[in-house]
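Look at the two complexes coming up: subunit A is in both, with subunit B in one and subunit C in the other.
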Partner chain A sequence: MRRSWATAVQSIDRRVLYALTFVIVLLPLVRPLGFPLNITPNTRRAFEIIDALPEGSLVFHSVGFDPSGDAEVWPQMQALSRHFMSKGLRIVYFPTNVGGDMYAEAIRAQLAPKFGYEYGRDFAILPFKAGGAPAIAAMADFYSLYTVDRDGTPLSELPIFDGFRGMQDVSLITTSSTGDDALFLAVYLEPKFHIPIVVGGAATIMPVLGPYLASGQIKGIISGLAGAAEYEVLSEMPGQAIGAMDAQSAGHLFIACLVILGNVGFFAQSRAVRRKEGV
Partner chain B sequence: MAQSIGTFLSGFFLITVYSYLFKESRLYRYTEHIYVGFAAAHAIVTGWHNVKDQALSPLADGQWLMLVPLCFGCLLYAKFTKRYSYLSRTPLAFMMGVAAGVTITGAAEASFVKQIRATILPLNNLDNIVMVLGTVSTLAFFLFIPLGSKKAANGKRSFMSLVSNLGRATMMVAFGSSFGFVVMARLSYLIARLQFLFSKVFPVISQ
Partner chain C sequence: MAVGFLSGLIVILKYFAQEGIISRIGTDLIAWRVTVAAFALGLGAANLIQVHARAIIRREKNADSSFLLLATMAVFTVLGVVSGPNSAAYKWFWDNVYQPIYGGIASLLAFMIVSASYRAFKVRNWQSAVLMISALIVILGQVGLVSRVFAGLPSLSQWVMSVPNTAGMRGITIGGALGAIALSLRVILGFERSYMGGGQQ
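What follows is the complex of A and B.
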């Protein structure tokens, strides 16, 4: 029996769809298409808040991801760190994921030397603390949670902590996370210390954070790989995210076309069935 | 040399995992088992380091208080024996008590009051109107479902039914937005893997 086009578009073999997705995402990587990149207000706000910080301000940056999420979040962390370092901000990385400290270490090995950043004076890495929400809540009493850095050096021996009393001395908290770091920070630290929070994270957690952005508990959001690319454009320091944006846009276009095609097929089929039944 | 072997293996496993999209094969299952084995080994090593760095080392330095969490940690394993499983309740109760105590403080204000306050807005622009109508109608959908499903006396749909439908539409828009973000995230993962595959394993694209 001959199938109608409406039925056919709803039952395309998934292997064909996967193969097409691969090709459509791969082609722009080989030959960039030059799609325009619009800067979203959320990323712009995040950039402006960080850009307005005076030199020497202390920024705490949570590293809450591991290799399963680094495709989106690692480019963000690099873009943020490049911006911090180009502005001369002091940075304290605090891993909230057990795999997070290796990314902080990568910043120490790859990025810090390029900007002449010295460990202990300009930036530091704290050890991972298990616990999620209680661990972040415990940061309110900073020295009861952290006494040494990741290398086991007492914080009192690191110049970056000279005169540091606790979270009240932090100018900004940023995140690179696939988890709920931003939520915990907004709930447990922001009300006590009124520290502005700028969130970088996986695109999937962004709908959850929308209400916190609307209420002002979070000041800016950098969302997924697209957010990282926007941030690279704003900070005028291109990285790996910009190179992937054509592929991202082409993939989105393809999936949007499939969604439309599937819906058109569905409604056309429903209409044909109704007509057949004489309704 | 070691890096080249690592890159090659990584590329090989990547292709075998993606081969599942075409058909489940022996190679895919082989990779799956290796992955699970590596993940379990990694979790054990990481867990051991956590215990060592956060409890055993401080204990060796004379912080005797660390005996308390260590003992509590050991008691959790009592769950595996029928006779002593009741012992695991004490550390569990302690953990839940601490988590509740720490997290409830301030959570009501930050997660509840401030969120409500953020929706009490003057209706002087489209954004605010959408926000208020969307919030109210979604709440109405859940709180007044029985009213929303009733028809008015004249057979027409009631006002609550309209509000309820608006709430449902608002939720659909929110779910659609979430789906969009999920697509965006999954495409990013695919792009990163393709960038790796075609720049390191088969150098076709430049990074």
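What follows is the complex of A and C.
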């Protein structure tokens, strides 16, 4: 029996969908399409807060992702780190994911030399601490949680920690995370120390943060790859996010077209059934 | 039970006492939670070894995958402990084994999402219509090209995220917090004992 077009557009084989997805996402990576970018108010606010920090300010940056969030969050972390370093901010990376320290290490190896950043003086990497919420809550009493850096060097031997008493001396906390770092920071550290928090992370965690943004406990949000690309535009330091945005936009458009197509078929089929039944 | 009661009480009191012995003990208790969490990681690893070693010994289905898992775990552990996470060998494994495999598996999600949205997003009633329209607004609001054609779309997308989404999340957050308070009180007062492995209550 011949299938109607309404049924056909609702039952495209998943292998066809997978193949189309592959081609549609791959093509813009090979040949960039140059889709325009919207700068969202959240990303602009995040950029302005960081940009307003005076040189030498101390920024704590949580690294809460692993290779599963790499494509979205790593470009954000690079964009933020480039901006920090171009402004001469001092940075302390604190991994909250077991794989996070490897990304902080990559910043040390790839980005820091380009900006003449010296480890221990201009930036440092703390060791991973397990526990999520308890670990972030324990940061309130900083030296009870951290006594050495990731390499095992006592913090007292690192110039960046000279005169550092605890979280009250931090000018800003930022995140690059696929987890709940931002939530824990807003709940456990912000009320006590009133440190501004700028969140970067996977787009999927952003809906959870809405109430904290509205309450002012979180000052700005850089959401997903799109946020990273916007940040690269604002900081005028292009990186891999701008290039990857074409692929993501093409993927989004493809999903939207499929959803619309499926619904057109669904309506046509429902109408045909109603007509057949004489309703 | 007494330990649970005292620990809970001290951490609550610490919130109101910023100085003094209660504050110091409360701070220590919070720091201990990080140590306990680290032990939980070890416990998880031990459990993983137990389950997969049993599968290998009994030659169960997919025992070869169990062997691969334990072998990889052993290689990473030995490399991490012996040569350290900054060593070239550890980094090589991270860059060339762990990162591509994990990233590859995660990227498969894109294909699932395309297929699932195509099949699931059908306007069967007004609730699903609201869901689908909101999803399309937020998805397309991220695409610059579409926003050039429909100039108001990014603002609409922003509104969906900051008004209805925030209102819904606020309700969920407050509900969750009330539930957590109720459960914490039950634990502190000894009504909830299942965490000790002793049954329901």
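As a working rule, the second predicted complex is superposed on the first by the 279 of 279 C-alpha atoms of A that agree within 3 Å, B and C clash if a C-alpha of one lies under 4 Å from a C-alpha of the other, contacts with A are read in each partner's own complex, and residues count from 1 in each chain.
The rule is short, and it goes like this: a residue touches a chain if its C-beta (ideal position, glycine included) is under 8 Å from a C-beta of that chain, and two chains touch if they have at least 3 such contacts.
Note that the structure is predicted; figures quoted are calculated from it, not measured.
With both structures placed on the common chain, the touch criterion links A:30 to subunit B but leaves subunit C unconnected.
With both structures placed on the common chain, the touch criterion links A:40 to subunit C but leaves subunit B unconnected. In the superposed pair of complexes, A:273 makes contact with neither subunit B nor subunit C. Looking at the shared chain after the overlay, A:18 reaches both subunit B and subunit C. By the touch criterion stated above, A:144 is placed in contact with subunit C alone, subunit B being left untouched.
When the two complexes are overlaid on their common chain A, residue A:8 makes contact with neither subunit B nor subunit C. After overlaying the two complexes on the shared chain, residue contacts for A:102 are found with subunit C alone; subunit B is out of touch. Legend: residue contacts after superposition of the two complexes on their common chain; A:263 is shown touching subunit C, with no touch to subunit B. When both complexes are overlaid on chain A, the residue A:52 reaches neither subunit B nor subunit C. Comparing the two complexes, residues 14, 18, 21-22, 25, 70-71, 129-130, 134, 137-138, 206-207, 211, 214, 226, 248, 251-252, 255 of subunit A contact subunit B in one case and subunit C in the other. The part of subunit B that touches subunit A in the complex is made up of residues 21-22, 46, 50, 53-54, 98-99, 102-103, 105-107, 109-111, 114-115, 117-119, 131, 174, 177-178, 181-185, 187-195, 198, 204-205, 207. By the touch criterion stated above, subunit A contacts subunit B in their complex at residues 14-15, 18, 21-22, 25-26, 29-30, 70-72, 98, 127-130, 133-134, 137-138, 186-188, 190-192, 202-204, 206-207, 211-212, 214-217, 223-226, 240, 243-244, 247-248, 251-252, 255. Across the complex, subunit C is touched by residues 12, 14, 17-18, 21-22, 25, 35-38, 40-41, 66-71, 99, 101-102, 105, 129-132, 134-135, 137-138, 140-141, 144-145, 150-151, 206-208, 210-211, 213-214, 226, 245, 248-249, 251-256, 258-263, 266-267 of subunit A.
Residue ranges on subunit C touching subunit A, taken from their complex, read 27-28, 30-31, 33-34, 36-38, 40-41, 85-86, 91, 94, 98-103, 105-107, 110-111, 113-115, 117-119, 121-123, 132, 135-136, 139-148, 154, 158, 161-162, 165-166, 169-170, 173.
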